[in-house]
Amino acid sequence: MPFINIQVTREGVTAEQKAALISGATDLLVKVLNKDPQTTFVIIDEVDTDNWGVAGETITQRRKRS
Amino acid sequence: MPFINIQVTREGVTAEQKAALISGATDLLVKVLNKDPQTTFVIIDEVDTDNWGVAGETITQRRKRS
Amino acid sequence: MPFINIQVTREGVTAEQKAALISGATDLLVKVLNKDPQTTFVIIDEVDTDNWGVAGETITQRRKRS
Amino acid sequence: MPFINIQVTREGVTAEQKAALISGATDLLVKVLNKDPQTTFVIIDEVDTDNWGVAGETITQRRKRS
Amino acid sequence: MPFINIQVTREGVTAEQKAALISGATDLLVKVLNKDPQTTFVIIDEVDTDNWGVAGETITQRRKRS
Amino acid sequence: MPFINIQVTREGVTAEQKAALISGATDLLVKVLNKDPQTTFVIIDEVDTDNWGVAGETITQRRKRS
């Protein structure tokens, strides 16, 4: 009965990519821990680049510099 | 001082339904664990059906089939 | 397909109380949003009083004072 | 390698305030636990006042009364 | 800079299985979204079967019946 | 009414350090967003190094190599 939460920056992730993440994460739990896919949940959260920070600055700030 | 997070699909949950979830969840913690409602927090997250998966596919895909 | 996470301090919550929280939270989602209980998940996290803070101090510190 | 999640109500938090939260939270982990800022993540979630409850009612309801 | 949280029941997951989950989840984000593995975090939470519920009862209760 | 969750590896964090994290995180929300400390919650989760991964391997594996 696994629950998987994937958090990524909100930068144009497509419905196909989301479906691939959900399918791949479910397969991983089935393969590694023999879990039942019927009760495997995946939730994807997309986070604005202003709201995600690493090394003390927002992703927005990092993207501008690079 | 409980904290309750409720995640549901974003499918037209009304303000009244949200208020009922918050009131009901708070009552539950008071009734079962004798917690103080003043310091009981509830956060509801609504998740797009593209971003929620079960059994390896998105809710969007499941809704189309059924 | 709701997912509910309940966080409480680790202070002797019994298996019966946990079962009552899980049952009650599931009923709430069924009653308010007509969700299917078969795909309603509840996870309870118990948090040490040293690891939970409110008003800038740990629950351990607050318990000592009161 | 800390991960910090800050949840606040969605009430006009500016990009500058978000950057200050991210910078301050990162500094805190460096100062208290000597963590490497390069692998310190911060994610800010903004929650609608209809979706956040305390004392059994939504923040929207509380704001109206006060 | 993805962050992945995997929640499973605490039922003897080995260090090798945890390493396989972490490696597989990281590969998934690299493959689907071209993310940098260096800044991909995975956290596995193991949850006691008394603390996880589905269909209104704890996993402990379900395991006993089946 | 902010809620802050801090996740760090379980490597001997002392009660004093936890209290400093809680106090510092609360002060940050007061200073940046003028939040009320009385309704500011902080929860610290300590995660085993086997259960935390970065760059596709567990922290346990990384610590052994370095």
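Each chain gets a letter, A, B, C, D, E and F, in the order it is written, and its residues are counted from 1.
Keep this in mind: a contact is a pair of C-beta atoms (placed from the backbone, for glycine too) under 8 Å apart; a residue touches a chain by one contact, two chains touch by 3 or more.
Listed by chain with UniProt protein names: A, B, C, D, E, F = Tautomerase.
None of these values were measured; they are calculated from a predicted model.
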item: Option reproducing the contacts of A-E, where over half of them reappear, out of B-C, B-F or C-F; value: B-C
item: Interface composition of copies subunit C (Tautomerase) and subunit F (Tautomerase): same or different, split at half; value: different
item: Contact-richer chain pair (by C-beta pairs counted) among B-C and A-D; value: B-C
item: Distance from subunit E (Tautomerase) to subunit C (Tautomerase) - Cα centre to Cα centre, in angstrom; value: 20
item: Euclidean distance of C-alpha centroids - subunit A (Tautomerase) vs subunit C (Tautomerase), Å; value: 25
item: Multi-chain contact sites of subunit D (Tautomerase), meaning residues that touch two or more partners; value: 1, 3, 7, 21, 25, 39, 41, 43, 52, 54
item: Touching pairs - complete list by chain label; value: A-B, A-C, A-D, A-E, B-C, B-D, B-F, C-E, C-F, D-E, D-F, E-F
item: Residue ranges of subunit F (Tautomerase) in contact with subunit C (Tautomerase) within the complex; value: 15, 18-19, 21-23, 25-27, 37-46
item: Interface residues, subunit E (Tautomerase) side, partner subunit C (Tautomerase) - complex; value: 7, 47, 50-58, 60-61
item: Touch list for subunit D (Tautomerase) against partner subunit F (Tautomerase), complex; value: 1-9, 13, 17, 20-21, 24-25, 28-29, 31-33, 35, 39, 52, 54, 59
item: Contacting residues of subunit F (Tautomerase) [partner subunit B (Tautomerase), same complex]; value: 1, 3, 39, 41, 43
